[in-house]
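Pasting the structures here.
Heads up, the next two complexes both have subunit A, just with different partners, subunit B and then subunit C.
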Partner chain A sequence: MSRAALLVLADGRFPAGGHAHSGGAEAAVKAGRITGAKSLEEFCRGRLHTTGLVSASLAAAAALGLDPVALDEAADARTPSVALRVAARKLGRQLMRAARATWPSAELDALAREFPKGAHQPVVLGVAARAAGLGAVDAAYCSAYESVGGPATATVRLLSLDPFEATGVLARLAPDLDRVADRAGEVARCAVEEGVDVLPAVSAPLLEISAEAHAAWPVRLFAS
Partner chain B sequence: MHLDHTHDGPSAISADAHRPDGTRRALRIGLGGPVGSGKTATVAALCRALRDEISLAVVTNDIYTREDADFLLREAVLPPERITAVETGACPHTAIRDDISANLEAVEDLEDEVGPLDLILVESGGDNLTATFSKGLVDAQIFVIDVAGGDDIPRKGGPGVTTADLLVVNKTDLAPFVGSDLGRMATDAKAQRAELPVVFQSLRAEGGVTDVAAWVRGQLAAWTA
Partner chain C sequence: MTGGAAGVRATARIAARSDGRGGTALPTLEGEGPLALRRTRGSGAEARVMLVGAMSGPLGGDHFTVEAAAAEGAALHIGSAAATIALPGQAKGEARYDVRLTVAAGAELRWLPEQLISANGSDLYVTTHVDLVPGARLVLREEQVLGRAHEEPGRLTSRLTVRLRGRPFLDQELCCGPGASGGWDGPAVLAGHRAVGQLLVVRPEFAEALPSPQLLGECAALTPLAGPGVLVTALAPNALRLRRTLDEALRTLDGRV
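Our next item is the complex of A and B:
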């Protein structure tokens, strides 16, 4: 495995469309649930241990070579909100384009053929990590970090939050990120033997509900 | 750009000149420039001027609304299925330059769904003087400024004014009212752009978008040659 490849894939500037999404932060800011660094940290910690863990586990499992079609179904089953499923597939398709251009791979080509309009983003992320020569825990780290990095960056734009404070939030979440990535790696290894049903299915109902409302706003800064 | 090479697989990756089925894709022209300079009005006028000659579609990149897409729909310059809005997360320059994935999807989906197309106009949300389109997204770009935004903009330069394939100085009819010196703008633009073309236009005057439409026809002829 190449540590440098992990940096390339995890870089927020990797051109895979994430900049247009807030990970639920825009809806939470509007509802008054994120008002500053402290509430941003609470929001991110909640997201990390729910959808963050689910995504990281899916990514780790895909990186281990589990059937991406089964993983995509598992992702659907774990994403009640239609708006979030649409966003996840959209981001999956954008990541697919960037990954195929960056790390050409027969597995990525096959997945793109199977899902011309996009598979769930964490599944694509896992297959992309494989193509980059990365392991399951690396894929989990990328996914877990994205689950908090997106909302933090978006909140800087939404609230004009001090960017140093937002970065401090991410740094304070590092121990949680380590735990989530390790856990995701473990359950992904279990899934190799026992199937995708053993992957975590924790959810954050408020994220799902507010994503549905957000998708219907006539004026918004972020796509999700 | 890899103009004469295609990738295997279900969708083109970036700037390839051919679609997955081997046919030549549509020419893609970007329109950028500051807020309120008349990008959407120019797009609308181009659609009216060209829609009976060629098959075309539009992608808009609004900052936080669907305002531009809705304007084009309301004006009925094209059927609704030929207009797509891309959401940019408050950063149009990111969506047209640094991370073009959403825009590439939009142009490819348009070709899949309403194609074959000859031309796709990709309009950026209003941005600053440094906003330019990636060569992975468009084949040529138009930068639109207006006389009311200050007649010193051509002198200030910046990547849009300096490098765009066509510079449009819009709203020339307003020049006497805002004290803008068109001659000075033309001299400054020439100094910044050397041989690259500049069009002065007023969409409210006779002629309107004629010069820009002629330039687009020239680009199309070169693309299909």
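Our next item is the complex of A and C:
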């Protein structure tokens, strides 16, 4: 495996369209729940240990070669909010385009054929990591980092938060990111033996609720 | 039922089937120890069962199981007489509460228990597994209250797994209280709300047309699932406000407004 491939895939400049999504931060800012670096950090920590862990586990499982159709179904079951399912598939489709151009692979082609409107983003991410020669924990790191990087970057734009402060938030979350990526790798290996049901399903009620509210706004800066 | 230092293990079983005369019979109605069952007056074709807490609990080390199955043509409504309070126990370790529900095609199950209250110092792991087949009807409500009045909550993990035709349909876990992963009470998860609940409604006719997503006040939303069901997720400052929101959502879905 190439460690540099991980940098390419995890780079915020990788053209997969993630910059258009705030990971729930836009709704949280509007509701007054994110007001600065401290609340941003708590928001990110909560997202990381809930939907972040779920996404990282799905990505790790896909990177291990588990059936992406079963993983996509597991992702649907873990994403009750229709707004979040739509966003996840949109992001999956965009990532698919970038990944197929970057790391051509028969498995990516097959997944694209199976889900012409896009599979859930973490599933695509895992298969893309596999195509790039990366492992399950690499895919989990990538996904976990995205789950906090998205809201942090968005909050810089939404609140005019000092980018140094936002980066400080991400640095302070590093130990949590390590734990989540390791756990995701572990449960993904369990899922190889025991099936996708053992993957985590931790939910964040406020992210689910506010995603529906956000999707109904007539004007918004971010798609989700 | 078994007891002792390791805590109490108890199982309650309910089986419902059509009685052949437009009503619902209960060939199995077996409570045990702290899980006593009473048949109460139902409405129409429905059989109504009350779960009556005959002891307090679950306490640390206890393991309760409730199993209910509705066969074709049955209409089964299960409620509880009072809230369930998770308490710390003499025995160390977590308490477990497992609910197993099975609904056949042409059957309806309404699982509408009172709240689960996570008292300070308690440690409870709840699992709810529901097996559905196409044509099954389900109304399921669960409400968690974090702490009694003016008290910090205990540790609570609650996982709801619903399968339709053996495939994953809804899988949601809530972890909160001391020892839960960071951020559980923060702005992405609960943001200081002390009551959280879900209402799941599955109906065959939703396969044709699902209700649209809908906001129910500031901290509750109804969303169509990826199959023939809708989920209402709600947060509230307390149990009363939470129940009001979920009741209103259910009335709307039942067409009673």
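Throughout what follows, the second predicted complex is superposed on the first by the 224 of 224 C-alpha atoms of A that agree within 3 Å, B and C clash if a C-alpha of one lies under 4 Å from a C-alpha of the other, contacts with A are read in each partner's own complex, and residues count from 1 in each chain.
To be clear about the criterion, a residue touches a chain if its C-beta (ideal position, glycine included) is under 8 Å from a C-beta of that chain, and two chains touch if they have at least 3 such contacts.
Computed from a prediction, not measured in an experiment: that's the story for all the values here.
Student: Would you sort A:Lys30 into first (subunit B), second (subunit C), both or neither based on which partner it touches?
Tutor: Touch status of A:Lys30: no partner.
Student: After lining up the shared chain so the two structures overlap, which partner does A:Arg189 touch, if you call subunit B first and subunit C second: first, second, both or neither?
Tutor: It touches nothing on subunit B or subunit C.
Student: Please indicate which partner A:Glu73 is in contact with in the superposed arrangement: first for subunit B, second for subunit C, both, or neither.
Tutor: Once the two structures are laid over each other on A, A:Glu73 reaches subunit C alone.
Student: Specify the partner with more touching residues on subunit A, choosing between subunit B and subunit C.
Tutor: C
Student: Is A:Glu208 touching anything from subunit B or subunit C once the two structures are fitted on A? First, second, both or neither.
Tutor: A:Glu208 contacts subunit C only, not subunit B.
Student: What is the contact status of A:Arg100 with respect to subunit B (first) and subunit C (second): first, second, both, or neither?
Tutor: first
Student: Of all residues in subunit A, which touch subunit B in the complex?
Tutor: 13, 15-22, 90, 93-95, 97-98, 100-101, 109, 112-113, 116, 154, 157, 218-223
Student: With touch defined as at the start, can you tell me which subunit C residues reach subunit A in the complex?
Tutor: Spelled out, the residues of subunit C in touch with subunit A are 159, 161-162, 167-175, 181-184, 186-191, 196, 213-215, 218-226, 231, 233-235.
Student: Please give the residue numbers of subunit A that touch subunit C in the complex, ascending.
Tutor: Contact set of subunit A toward subunit C: 24, 28, 31, 33-34, 39, 42-50, 53, 73-74, 76-83, 85, 176, 196-197, 200-209, 212-213, 215-216.
Student: Any idea which subunit B residues touch subunit A in the complex?
Tutor: The contact residues of subunit B facing subunit A are 7-11, 13-14, 63-66, 87-91, 94-95, 98-102, 104-105.
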